[in-house]
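One chain, chain A, appears in both complexes that follow, with chain B as partner in the first and chain C in the second.
== the complex of A and B ==
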């Protein structure tokens, strides 16, 4: 950059004026690494390549979001410099990239790094370095432990809580339940399963069959046949979209008609219910917290319309049916609000303090009645969900917003 | 008993998928002596082409034929443009190229069609096909298509001059050249054929595993195992190997279930089915290194 004289003089006089006019404001300004009068550096990694590349859309949405923010003048006059790198969904790679972001780029915080295994890989490092690891993109229950890990915070309702909610609903609503569980054999599946068992409590004997599958299995047909054979009349489907859709279809193919519960991870109309067959999906119950972009009932709500307009402007040509864009927009809005609240005190401590200080904050694209609540002892921003039943081509929300807040 | 039949049927259907991809692997191996790691991704790409053609309004079978033809051209082009310059390169360089192709096809498909899973239609009528409660119409259809492809390949290699010339080119390039076979082009044709067989496999699989850029990742592993257990040099063996691996895998889970039911002790189950199936594969290969139906190659030293 070249400094010409006019720029220099202008800048200098502006500075002089400021120091005269607003000494109080200047005194309050405090910065950690990664923040200055003009810029805030935010780091991110996501799977732009590799087996989980469908989630790469989240990173692209975040990038577009910050572009939009900068275009509108930034946050409190500071531009966001959003550094996003490709970790290929590989825990070894994210460690190296995180070091690069923290030690070379000196970002103020990491934001929405994706994947349970990946975030686990940098969990300790971030807390040792005392750099915020905010609103991570995974629903594992381990991100809300402010005592051991004060620098890490989750975002979405955790899998454990969701599992508890399904179990309670089954016990209250299904007469003489015999439960069959299909579980992806990894941390994510086990988190749901532990919550589910906890929710059943002394009734955990009602699970008549628990089968697992590996992410690499081409189909889950064999497992679904075993579940049917066990005589189960309730089916809890803990699977990522592809396997979840296969299981729903296979159950219908072999004439198994249990009451079906589907984890939120796969509650997408576009990528699960339609591929599984709308006929086969009727009556499936899930828990939701975000507005499904393929669900027509939201088309006329203000925040949804704003999102559609934003998509048209900042991500033209991308698929609006992809729920990752909704997720990305919502989580970026929360980060935006957090940075706004920090004001001129852009220190890492204050970022965490503000993140842990939301009361009933209404975030765009969350279901009506669900708000953001955090405190220094509650690091789970969203802990409410609402049950929904699949009917026709959309999710039909029913019952109250259920909350595990404070528990 | 019902479960037993269903597990066998589901194993057969999965086996048919493995068999199709294994066939494509064997095609390239027979004609070039290489194992193409990008086979699965090429098949996936062909499937996307057929999907694209269908969204442009073509019927299933028209898109099928066109996609198979385009894949043939794609296979020939890859051989001519990418592998030909590596003609005398060491095997390792070629493997690196295959792995590169794998990554390229995967990312390009993702960039063009996105990573969202897509529904893929089945051409087999729901009402008149399949046995209710045991095997679905599509699964039966896949088994039949696999057998038809195998039959066609058999006739092609056994009874047509071109097929014979291809075999000659692979088995003894120098002699083949002397009797007037254009060996170079035979290799390219081998690639084209393999890509076509792969396209058939992809199109058949897509209804079952849904269409997405990573749909072949899991399957390729099983296809390798199938091709090896049946004999990598023998198309019929590869198909048999596919069915064997498919059924074996389900039987392991089934047996584990029965044992657990009878004795209450968990010994094997879904988590171990791939492991046990692969242990059996290794066992077979230790006893018969050329695979169950493979020809033993004797080289004079």
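== the complex of A and C ==
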């Protein structure tokens, strides 16, 4: 199975390369800092400690992925040296670590650094230094601005777009909606909220209650009680996994039964729905772009089977229901493909050029119908989602794949 | 201060000024990144010194100096962002703002002793990140988005890199502040501060205005830590509420205890220690896991904790006190 997938990917990349790179340039080897005949250095930071440490799993998946790549011979014969550091979700810390990676270790690029505030902290620095800050692990809408920040690119559908889609779905499907919103009080929460308001448009008065919480708060009980008391019949849950699960559970405990919308950030069966209680989670609606690891319908698809085999080999004992592993694998595959496309021209310029040159690329583990599309003016790799409803023990996709217009 | 130790201090300061000039000779050893790291150590030392003035020399506890650090950082950031004030002018501004905040906080703190005061300051440290996110202040503080700043530019066309200049700037501020602190502690006021720490009642009876000294010390302590915050805003070129969480206050306290309570040298050691451990904790925990083969996944804070316990056990007066004690023992043995 693995060879099959690799064969496909290899073919696709060969095609892409033929159509893209100027043949004269391809003939000679060119390197920036961090690349050589034998090695490519890729840097990463993530929250292995601190309030967001549940996302540390992503970093562990990435590390395992590159181990697997090196085991299979590396990328175009070069081993990947993946340097991952713990930033504790602290913006002051990531500046220091990034400088360590860029100036001391001289990495070719940073990859999938996590957190909106953290990436903001190094945004300007990376662009001044002209070092790629690729496929960052945050869905804020500000990562797709190639004019001002040509060295930074996002990965997942941005939160703003997702918020618009929920709002439209509520207006079209819920009769006389009275909406209660629970929002994490930071960049990420606000991006969703702004998109949601934009989607509601003139109906923004339908939001009867909007409460916030801090990522460090131990519970969100009082916020959920306030939402219930407001008489809301729709609940939009903008929260990271821990708080999202607490909110779903609390709503059920106090007998509040609204139509629930849950942001994709927390649409993980393993780390949210199960802790919240499967009974309490029935009927919750979310938007997805990756194959959920608990959804039985993917079991016979090639890319999913390859992922399961990979998990068994490289991350034995890890919880396969944790969607962070799917995310990590998918985003690492995209990085892998980008480096492959660079061929022997491993310069920072070429890395960005290749990253901005995907047409309908079928990335493993994306939902059918969703592909990677980028261009020098479009720095949003994934811009489509499909809605799903929680049913039984997993997500049940419904409706069509929805795309946002490029912004 | 004895003249021998004065020579030592002078020597170290001169060395600190000369080392960056070696960059053309040893570009890998004296790299921009290393200088930046040393700058963060200098900033940490100033913050720890601020806490030391309060706790070590005046006997008042604070678990919340991260709050003053945040106020200093935000004062500098807002001034630079909104009013285009040059970075060097934000240092005195941050000092004044933090002095006032510290002084005002010191007033009710007069009524609180020991661990009650520690808890009140703890609450302050918890509150500040939330206040920074408050929606009425958002226009000023940028809310959760924080404020992106420019790095200090090299003045007068000096042939230095940004990081070298930042290093010199921090170093100059540090030398001035330590010199001022040493002078203050050697004066009547300094002796009054320490008298209050050692015997509150006796000091009061001697005619020292304890209430005034305690509140002013609180203000000065906050001003020192605030200056460190302002420097960090320039160094990092970004401020956000998440940078000033409760762990920051705890790190200052760790720096204080490890370096040496009631010692100026200890403040420097403490600052260096916490930056160093913070940076190498991950490498250390990986070393324990991979090379020693122990089956734990130690977090950075576990390493911090273990080191802290070990140092307190071995050197109850901190590293500065421990070294001084060992030095004295060696001399008397001879």
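Assume the second predicted complex is superposed on the first by the 378 of 407 C-alpha atoms of A that agree within 3 Å, B and C clash if a C-alpha of one lies under 4 Å from a C-alpha of the other, contacts with A are read in each partner's own complex, and residues count from 1 in each chain.
One rule holds in what follows: a contact is a pair of C-beta atoms (placed from the backbone, for glycine too) under 8 Å apart; a residue touches a chain by one contact, two chains touch by 3 or more.
Values in this document were obtained by computation on a predicted structure and should not be read as measured data.
Contacts of A:185 after superposition on the shared chain: both chain B and chain C are touched.
Once the two complexes are laid over each other on the shared chain, residue contacts for A:233 go to neither chain B nor chain C.
Shared-chain residue A:70: touches no atom of chain B or chain C.
In the superposed pair of complexes, A:123 makes contact with chain C only, with no contact to chain B.
Contact with chain C, but none with chain B, is seen for A:99 once the two complexes are overlaid on the shared chain. Once the two complexes are overlaid on the shared chain, A:282 sits clear of chain B and of chain C alike.
Look at A:88: by the touch rule set out above, it reaches chain C but stays clear of chain B.
Look at A:214: by the touch rule set out above, it reaches both chain B and chain C. In the superposition on chain A, contact is made by A:49 with both chain B and chain C.
Shared contact residues of chain A, touching chain B in one structure and chain C in the other: 49, 51, 185, 214, 216.
If you check the complex, the residues on chain A that touch chain C are 48-51, 85-86, 88-93, 95-96, 99-100, 103-104, 117, 120-121, 123-125, 185-187, 190, 214, 216.
Interface residues of chain C facing chain A in the complex, by the touch rule stated above, are 31-34, 36-37, 40, 130, 133, 143-146, 148, 232, 236-238, 240, 242-243, 245, 247, 278-279, 282, 299-301. Remark: chain B residues 2-3, 6-7, 10-11, 13-14, 17, 103, 107, 110, 114-119, 132-133, 136, 208-210, 212-214, 217-219, 221-222, 249-250, 253-254, 257, 269-271, 273-274 touch chain A in the complex. Against chain B, in their complex, chain A makes its touches with residues 49, 51, 53-54, 56-57, 185, 211-219, 221-223, 225-226, 228-229, 241-242, 245-246, 253-255, 270-271, 274-275, 319, 321-322.
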